[in-house]
Each structure stands twice: as structure tokens, then as C-alpha cells.
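In C-alpha cells below, several structures.
Okay, so subunit A shows up in both of these, paired with subunit B first and subunit C after.
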Partner chain A sequence: MTSPIVPPPKKDPQKRTRTQTLPSGARSRAALGLTAAAAEGRFMLQVCAECGAVQYPPRDACSACLSTDLPWKDIPPAGRLIAETTVRTSTSTYFRERTPWRVGTVRLDAGPSVICHVHGDVARGGAVHIINRLDKSGQGVLFALPAERTQNMEDDPQLRELTANPKFRRVLITDARSENALALAQAFSKAEASIIFLGEAEGWRPYPHRAALAAIPGVELVPLDVTDTRSVAELAGEIGGKTDILVNNARFMRPGGIMDRGDTIFARDEMEVNYLGLMRLAQAFGPAMRGRGADGQNSAAAWVNILSVYAYANLPALGAFSAASAAAWSLSQCLRAEMRPGGVRVMNVYTGPTDDDWHQPLPPPKVAPSVLAKAVVAGLKDGLEDVFVGDVARDLIDRWRAGPKILEREMSETDGGGA
Partner chain B sequence: MTAKTSNPAALIGDLALALASGAIEVVDLTHTLDQDFPVIVLPPEFGQCARFRMEEISAYDHRGPAWKWHNFTCCEHTGTHFDAPSHWISGRDVPNGSVDEIPAARFIGPVCVIDCSEGAKANEDFELTPEIIAAWEAEHGRIPQESWVLMRTDWSKRRGAAYLNMREDGAHSPGPTPEAVRLLVHERGIRGFGTETVGTDAGQGAHYTPPYPAHHYLHGAGRYGLQCLNNLDRLPATGAMLIATPLKIKNGTGSPLRVVALVPNRESD
Partner chain C sequence: MAGRRHRRQSYDGVVLAAPATVPYQRFSKETAHWWIARALRQSLQAAGMTLRDVDGFSVASFSLFPDTAVGLTQHLGLTPRWLDHIPMGGASGVAALRRAARAVQAGDADVVACVSGDTNHVDSFRRMLSSFSRFAQDASYPYGAGGPNACFALLTDHYMTSYGARREDFGRICIAQRDNALKNPHAVMKTPLSLDQYMEARMISDPIALFDCVMPVSGAEAFLVMREQDARAAGLPHAHIRSTIERHNAFPDDPIQMRGGWAMDVDELYAMADARPDDIDLLQTYDDYPVISMMQMEDLGFCKKGEGPAFVRQHDLTIGGDFPHNTSGGQLSAGQAGAAGGFIGLVEAIRQVIRTAGPTQVPDARTALVSGFGVINFDRGVCSDAAIISGAA
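Right after this comes the complex of A and B.
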């Protein structure tokens, strides 16, 4: 079993906050396929389209037949640890600060043997379950978990380097008024977040679930309006240094595209909240979070954006909202690049229609707040960058990957071609 | 009304001196334009009143080394603001109905203050009625033509959620009845009507016939509104002068503005 982590002590104000160092981030273009798969927590390897050989490490030509047709496929994650060692010193600053560090070789049931990081609970020669995760450099690495769950296994220090587990961390959810705020707060409370700050805009008008929110243990309501630069700056001034996970659930949406709206007012609101809101939050909270990526058990760990999957392909019925979502999506990529030196994960959670007032006339399937909240917490525990919640989002991203132009044409049908 | 003094130059000179000496006090009736100041809230499918927002352009830094300035955005009807006749459908065809067309002389005038603060304290839906106006006139004389009438409720002292006082059946705040507005507009010929609440109408004003009677009658007759006023408790019932000059916005239906009143200084009496 793994020793459970304990609530971290209060910070010693005389100690310098540790600077984030990073493991090597250099990869070949072929090897970035592993990173792309890790972003979604998928264990994928190249499989030769001609001879079927499973490839490891990633390469440009098949190790068996020299074919260059090597598509990435999901691979059964089962294997056995055939060799292992514990690194006690290293020339890499990152690993030197984190030794002892367990590494090993796993023979996959699918064929190849892979080099991977090894969980402390894996027995010598034991059966393992391979996961592919992003390391602090944002690159895909393989990690061997015990095949069967062990006690406190998520508290393994090497595994925690790959994840953004909310346990004992302080979370800021940016929009308490949102219909998903209650479910998010409950999910983080269940995940043992130590404080759950909820940003509350316009305290001068009521909203239905305020009392229920305030009753959740660990919840603190704080003034925050992502459209108001002063409000964002003031809150960051107060809690920016202890925000370990930021969940931006602020959203503004109204139905309609271009010609069924007579003005740019709602479009501006959509940009103010969905795009500039993210920008303001990132400018105010980003620097402090990036500086605290290695700040102990409750280091800054992740930034979560809840985005519409229509960021990928415009749904004309929600055309202007889709455009603002696309802007936010693009900005999230910039944020990810800027956060990476601090080892802070930027996770985008994409959803199709959500079960709330603005999607009330739409038929199911719609993503319930509780489902969205579970996906957010699960994604953090897995250290993901991209999460697609619900059937609509998963179907859309599959079609986008298959052919964005075909998808664009399908989306222009009144029902979004099923999206 | 005609001035009792026949020499305007002397009048202005005396006024300026009285202002300089403090014998006449300038009372600020304006709330600070603040990001958190409540605005009217409509059903969300309607267009909404933009909140006051401010972005720093530079602050003696790399964006502009020796100067600080901001861009700000808001609605014509954000904060302490003026309603022009063109704001309401009843006033859409009124001549000179937008803020840029209103003759500047109409921005300065006498003001009557009807104190409803006791009533509003006891009843958040307190109504200004013709009976209350009659009682006020019995004490202070008939409301002069072309004067501003302000409804004092001390509502400006409320903060946060207590200001809009929004509940599931809408906002609850004091305002005038249709009969009271008709009396003021059609029988007294007032220039405008002002309140401390977010609108010239009561929080439940949508349920009168006609809905929003203050907006309906005032603007239909080419009169003006002032709302979100502050410090009305510092005004005398009569004898003050109101200065309310909206921004000259082309075709503007209203404007945030600085409202002040000239008031005889009681201490210098």
C-alpha cells in the first residue's frame, strides 16, 4: 500500500517557494503521438497498417516491415514488470529533486516491451496496468500501475507528479451563479479539496442555489465577475497565491447566429465572458499559479476551462456562441503554452448541450451538471488536457478528427447533423 | 415662474458669490459609477443594461509612461442617470426627445422633494399617491409648473441585494401610482420626476395599468426622468435648484450624469 498523503502544513513564510524544474521535454515528431494520446489519457501505440506489428518506441518506419503507414491505435494496457530499478541520483535537476524514483521495463501482452515509470505498489515481476500520462513537461510518458487497485494508490508521489488530484488542494470555481456550480462544488468537496472558493458575480441579485452552495463544507463565496477586470484583480490579490486549481465555468450564451440577431450586443457579452473572461483570469491568476507548480503537496496543479465542443465546429443555431467558444479554445492553447514552464496543467473539458435553461428546448442527450462535475474531477485525477463529456461532444470530436470540412457541412444542417 | 430680481447680471453675481462663500451649498445627488452598482434586470432573453466597466489603458508604465487613463463602458441607463423621452415607446415621436436635442435650459430648474422615507421604511412597495401629493401641497404650496419633483425614500442608503430587492415575483421598491404621475404631468406640468430607486417606476411597476406609469406618462408628455439619485435627504422640500446635464449623446435615450442641487446653507442663515 501507499502511504496516504496528509494535509500539508501551513507554508513557512521564511522559505523560498521552490521553482518548478521540468523533466526533459524533447521528443521526435513521431513520439508526440504518445503525447497527443496522453492528453486524453489513452494508451496508444503505433500499429503497422501493413503487417500489424505494434511499435515501441514511436518511429517513422515499421520495425518489422519498414512500412511508413503507422497509425496510432488504442492498445490493451496489460503487461508484466520484467525489470525494475530505483534511481537514487540523476543528472536531471527534476529527477534529482524527486529521488528515489522507480523505473522499469514492462512486457506488454500486445507485444513490445516498454520503458516506464513504476508505481510503488507494483510487485517485482507483477502484473501491471499501463497508463499513458503527461509529465510536468507536458509530454506523454508511460506509467505502470498495479493491475489491481491498492490502498491510497493515487497518493504515490511519482503518480502525483502526473496528476492534478484535488485532494487537499484549494480550488477556485469562477461562477457560483452557473447551473453547474453546485454539482462542481459537491464533486470537489467529495474529492477532499481543502477549500472551495466560489466566485460570485453581482451579489446584488439573488440566485436559487446560493444557500445550498454555502452549506457545502469548505465552500467560501467570494466576489468575482470575470467581465470586471478590477474584480478579477482584487480576488487574485487576495487568493491568487493559494489557488491550486482554477475551474473557469463562467459562460455566457444566447441562441442565434448572425442574421437572426440584429446587433452585436449578445455577441459582445459572449466574448466578454467566454473569451475576455478567460484572458482576465489568466492575466490575474496565471502568474502566481505558474510560480507555484512545485509548491509542495498543495502546489498549483491545474487550470480547467469548461468549453463548448462547438469551439471545434460552428453550430449555426448557436453560431455566435460557437465563435466565442472557438476564441476561448484558441486562447486556452496559448495559456497552456504559457503555463507549461510552471508545470501547471491546462485542462479543457468540452461539452455539447448542457442540461440547463438555455438548452431547455433541445432534445436529449444533454450533459447533466453532475456528469460534467464528475468528468472535471476525474480528468484532474488523471492529469488530462482534453476531456470530452457526453455523447454529443465525443461524437463531434470523432467526426472532426475524421474530416473537419465534412463536419462543417454536416453542422450546417438544422440539427447539426446529429450534433 | 419669473425671477423676482429684475437684474440678471446682479443675480448671477450674487449667486456666484454665495456659492463661493458657502452660503449656497452644492449637494451631490450622484452615486459613484461603480462596477458593483446594481442596474435594472430584465428577463435574460431580452437585451440587458450594460454594467459599468473600466479598463486601464496605461498607468505611468510601459503602456504610456507619464499618464494614466481608462476606457469605460456602460449603458445610457447605468448608475445615476437621466431618461429622455425617446427612452419609452410613448415618447418615441416627441420632438426633441433625445438627450442631444433637449434645450440646455431644461437641465437646470426648481425642485420639489416629497418625503416618502417613513412610508418606504415600513412598506417596500410604498406608493406615491395623489393624496400624498395633496398633503405635501397643503404644507408647501402647489407644485410649480416646470419644476422637478423628486420622490425621497432613502432607498439610496440600501446596499447590495436590498437595493433592487429582487425576489421570484420581481423587484420590490417604492414608486408612484399611475394617478400620481398623471396628476404631476398633466395637471401640474412638471419638467421631470426623479427617484432614488433603479427606475422612476416602482419595482412592481409592470403590474400597473399602464405598465411602468412613470415612464409611460412622463416620456409620452416629453418630460424627463432621473433615477438612482443619492442624498435626497439633504434637500429641502422646496427652494433648491437642480442641475442635471446629461451627456450630449447623438440620439441618446438617456445618460449617466452628475446631478447636483444648489441648497441654501442652513448654518449660514
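Right after this comes the complex of A and C.
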């Protein structure tokens, strides 16, 4: 059984904030396949397309038949711990600060043996469930969980290094006014976030769920307009040093592409909120978060962008919004690279049409705010980088991976619901 | 391997001479080039030769970068007609011997200088570990960065669970080697080691504790391979090569390493030498951790698989004992000088069988078995080899 973590003490401002050190992030190109799978929390290994042999470590040619066709496939995650050690002395600064560190050899039911991190509740010689997650350097690593769930298992200190669990962390959610805000605040409250800041633009203007929001334990409404640089900077000055998870939830969306709009006014608003809003937030909150990646139990852990899946492929019916989403998506990759030295995860949650006013004419299926909120919290608990929520988003990414050009043509045939 | 059709050619007419060890240092500001030059010079001096007498050159080193054996020819002023660079770490000594012996036998070279050496700067061990091999970089170093300590801890843990070995059994190997090292003036470890001290040492990577680990040092080793008639003409004491084996990536389907490549080829090793384990006067195993020495005792036929713990309990492994093992103190007590760790046992074995080992000399040593083990590419040592050598009858 894992000892549950306790709420961290109030920070002593005279003490030095620990610098984030990182585990080794050097990998061969083949090994990055594990990282790509870990971004979505999938346990995948190379499987020879010709002879079916499962390969590990990642390589360039099959060690059974020399085929170079080694696609990555989902692998049954079962195995057994056949040897273990507790590392007490390490040449790496990152591990030195975190010893003792449990490591083991697991023989996979699928064939190969792997060296992996081992959860404290796995018994000697016990059955394990392997997961593939991103470590603080942003690279995929294998981690052995006990085959059966144990009490407080998510509080294992080695596992917490791979996740961005909201428990006892302080969260900022932008755009209290959006339909998602209430569901997000409820989900974070349920996940035991200690404070949930909700950024609110034009606070004097009423909106339906304000009272419900304010009633959630731990919620604090704070003024924030992501289109106003000064507003963003002021809030960052106030709470930037205690924002552990930031959920960039602001979105401006109007129907239409190019020729059915007579001007660039909405397009400019879409860029102001969806693209420049992300950049303003990142410029104001990013440096402090990146500097607090190793700041104890409630260290800065993750940055969440809620993005339209049409960032991947333009839906002409929402053509200008899709373009602004694509800009935000591209910028998120830049943010990810800039946050990485601090060990802060950037998680993009891609959604199809959400169940709200502006998507009203679009046909189902649509993503309900509560489903989106659950996906955000689950993704943080798993430490993911990419989450596709809802049938539309999952279908689109499958098609995109199979062939972006084919998808582009398909998208132009997609009915925008007359929007 | 059983069933091989062609009998291998013997090494008759080729001998090993002029063993040289440059005393090790914990840290050095010098380079691998410097250490290799020292060992080469010492070996040539012992043989009464100059650089011009050497027409074959074989090098093993981890810290020569960006140079290889090629750069060393110009750096050291050699003009060889046969050149080799051996990247096999702890298996490099026997591998160098095998290649050089065949070159001399075939007439491609007359005198091959086999040299290994590495420098150890402050922090160079950490730098080497993080980029040791591609599989290590991708699949073992990110997991705790325990380096070889952690990899061998896993093998040791598995071995203990499978065969009921206890820490004390590994302690016997370490303590006997420390005893041997006290007789070796150049050993890095100079104080006696008791079983209590061994058992109470701090854990490094469970069940590997402090005295199971080698000390990375700077150092170099060398020997010459030449025709027997030339050695005789020069009046050089020399050792005969009676047999050798070499194997890489043996038993890849074993889920974790429990045996090395020796187990595949051990019958041929003794058959080619026309010898039995009983004929071996001393054994030099590759000993970066005691578990692997124990595996070599098993895989080289001194006892059955799993009987290593009982074997070390029943034998005295010191210089004066009934089973002299790693007589210079081995890497565990003399230090691990990078790739020279693949030479330390062989160079000491040559000294033993030509009776020039001095304070570590095993009385009446005539035949020695030397085994090498190298390169933890991912989860296990990939290279293994062995040789039986004898001095004059």
C-alpha cells in the first residue's frame, strides 16, 4: 500500500526553489516511437511486419528476420517482475535527488524483457501491468504497476514524477464565462485540487452559472481577459508563482470561412483569443511555471490547451476558426519545447464540436462539457501530451494519420450543419 | 560447438611476451594517449625492442575519442602493416590476443603490440555511461541512471533468487581478491577487507553494495604477440596459446543473463588445449562484479550451473589457496582502468605462467585460464571469450 501524500506546507519564501533537473532525454530516432506512444498513454512496441517478432529495445531491423519494416503496435501490457534493484547511487543529478529509486526487469508476456521503473506496491516476482508514460524530460519510459489496483497507488512518488495529478495542486482555468468552466471546476474540485482560480473577463456582465461556480469549494474568481496584455500580466503578478496547472480554456468561435464573411473582424477576434490569448498567457505565466517544475508536492506540473481538432484539418464550414485553431496548435508545440527544460507538461486536449450555443446547428455527436472536463483531469492524472476527446476528434485523428491529403478532401465534403 | 566439421588450427609457433602494467591512478589529468604510450613503451623496453620493431598494433580504449587506433599510429610514431581497434571492453584482451596471434601466424605481422588504456577524469565516468551504447542510452540509462551497478544488481538479484546464493558468497570472492591485492604494490585498494566490513557496506544498488563495485581508475596494460622463434632468439620469457574461444550475444532468448557465451563453447576450449578444468593452475575471470566471476566459474566448467556459491565456499581463492583466482586483486581491488579492465587478467596470467609475477606469483603456476566479458549493451554483457595459456614445461 502506498502512503497517501499529504497537503504540502505553506511555502517558505526565504528558501530557494529547487531547480528542475531532468532524467536523460537522449534517444535514438527509433526510440522516439515509444515517446510518441507515451504522449497518448499507449504501450506500444515495434512488431515485425514480416515475421511478427516483438522488438525491444527499439531498433532499425528485426532481430529475427532482418526486416526493416517495424511498425509500432499496441502490446498486451502484462508481464512479471523477474529481477529488481533499488538504485541508491546514481550518476544523474535528477535521480540522485530522488533516490532510493526502484527499477526492475520485467519479462513481458509478449516476449521481450524490459528494464523499467517499478511501483512500490509491486511484489517481488509479482505480476505487473506495464504503462508507457512521459518522464520529466518528455521521453517515453516504461513503468510497472501492480497487476491489481492498490490503495493510493497514484501517490507513489516515482509514479507522480510521470503524472500531473491535480491532487493538492493549484489550478487556473481561463474564461469562467464559457460553458466548459463549470464542469472543469467541478472536475478539478473532485480531483482534490487545493485552489481553483477562474479567470473572468468583464466581471460586471452577468452569466448563468456564476453562482454555481462560486459555490464550488476552493474556487476563486479572478479578473482575467486574455485579449488584454495588461490584465494577463496583472493576474500573473498576483498568482503566477502559485499556478501549478493552467487550463487555457478561452475560445472565440464564429461560423464561416472566407467568402461568406465580408471582412476580417471575426477572424481577428479568433486570432486574438485562440492564438494571441495563448501567447499572452504563456508569456506571463510560462516563465514562473517553468521555474517551479520541481517545487515540491505542488510543483508546477502542466499547461493544458483545449483546442479544436479542426486544428489538424480545416473544416470549411468553420474555416476561419479552424485556421486560428491551427495557429494555436502550432504555437503549443513551441510552448512544449520551451516548457520542457522545466519539466512542465503541455497537454493538448482536442475536441470535436462541443455541446454549446455556437455549435448548435452542427449534427451530433457533440462533446458535453462534463465529458471534456473528465478527459482533462484523466489526461493530467496520466501525464499525457495529447488527448482526443469524443468520437469526432478520435475519428478525425485516425483519418489524419492515415493520410492528411485524403482527409482534406473529405473535410470539404463534411456538412457543417448549414452553419 | 558440437558437430563443427573443421578442426581449428592450433596457435603453435606464436607466443605472448613482455607483459606490462602501468600503475593505476584513481584520477588522472592525462589522456588515454598518454597512458597507452606509457604501456607500449614499458612493454617494448621489457622486450628490448624499439618502435621500429613493431609492425602490428592493436588498441582497446573507451576514452580515445575522437581518435582511434589510426590516430595513434601518427601520434605515437608507429608504421604498422597490421592495425586493429577492439571495442569489446572487458573482452578486449583475449580478443586482441586471438586476432594478433592469427596475424603473426599468417605472416601478416611479425610483432604485434596489444595495448589497452584509459584515462579517468573527474566526471568522465558519468559522461561515458550516458552515451555508452544506443540500447543503453534508450532503454537502460533513463531508468535510474544507475549504470552498470544497476544492471548487475538486476543480474545478481535474479541469480540469488534462482540459486539461493547469499551475499556472503559474493563476499568470499571480493575478500579473497582484496587479500591478493595486498600483495600487489600497484593495487588501488591497500587495506584488508573483512566479511563484516563487506556485509555492512552501504548499498549502492541492492543487492550490490560498495565492495561489489569496482573503482574506475586510469591505467594501461600491454603485451606483445610474436613468433616463438623470435622470442627464443631474443631470450624473452613467453607463454604459449593453447586454445581460445569467443562468442557474442549468446543465448539471446534468455529473459535475463544467467550464463555467458563461454557455456556455448567451453567444450571446445578444453578440447583444443587438450586439457581439463583440473589442469588449470589459476583462473583470471572478468570481475566487474562478483556475480559474473561466479558465472564464469560455472560456465567454464569448474562447477555446474547454480553450484557457484558452494564452489566458492569450498575453495580458497587466494594466491596461496587451492584455487587461485584474480591473483593481482582483479578489478575489484586493483581498479578498473576502462578497457584495460579487459587486459588486466590476461597480462597478469602471462606474468604468472612465465613466472615474473613477483609478489603475486602462484607457486608452480604453469597453466592459466583467462576469460573476458564485455559491453553491457542493454541488459547483459554481450561479448565473452576465454583463453588457456601455458608457460614453459
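To be clear about the criterion, the second predicted complex is superposed on the first by the 414 of 419 C-alpha atoms of A that agree within 3 Å, B and C clash if a C-alpha of one lies under 4 Å from a C-alpha of the other, contacts with A are read in each partner's own complex, and residues count from 1 in each chain.
Operating definition for what follows: a contact is a pair of C-beta atoms (placed from the backbone, for glycine too) under 8 Å apart; a residue touches a chain by one contact, two chains touch by 3 or more.
The structure displayed is predicted, hence computed values, not measured ones.
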{"item": "Clash or fit (per the criteria above) of subunit B with subunit C on subunit A", "value": "fit"}
{"item": "Which of subunit B and subunit C A:P206 touches, first, second, both or neither", "value": "first"}
{"item": "Broader residue contact with subunit A after superposition on the shared chain, subunit B or subunit C", "value": "C"}
{"item": "First (subunit B), second (subunit C), both or neither touched by A:S231", "value": "first"}
{"item": "Which superposed partner A:Q14 touches (first subunit B, second subunit C, both, neither)", "value": "neither"}
{"item": "Touched partner set for A:F95, first subunit B, second subunit C, both or neither", "value": "second"}
{"item": "Which superposed partner A:A26 touches (first subunit B, second subunit C, both, neither)", "value": "second"}
{"item": "Partner chain(s) touched by A:I265 [first = subunit B, second = subunit C, both, neither]", "value": "first"}
{"item": "Per-pair minimum CA distance [subunit C against subunit B, superposed on A] in Å", "value": "39"}
{"item": "Residues on subunit A lying within both footprints (that of subunit B and that of subunit C)", "value": "none"}
{"item": "Subunit A-facing residues of subunit B, complex", "value": "35-36, 38, 41, 44-45, 47-48, 51, 53-56, 160-161, 163-164, 166-167"}
{"item": "Subunit C residues touching subunit A - in the complex, by the definition given at the top", "value": "125-126, 129-131, 134-135, 137-147, 149-151, 153-155, 157-158, 161, 202-208, 252, 255-256, 378-379"}
{"item": "Residue numbers on subunit A that touch subunit B, as the complex places them", "value": "202-206, 223, 225, 227-231, 254, 263, 265-266, 269, 357"}
{"item": "Interface residues, subunit A side, partner subunit C - complex", "value": "23-24, 26-28, 30-31, 56-58, 63, 82-92, 94-95, 101, 103-105, 107, 113-117, 125, 135, 137, 139, 141"}
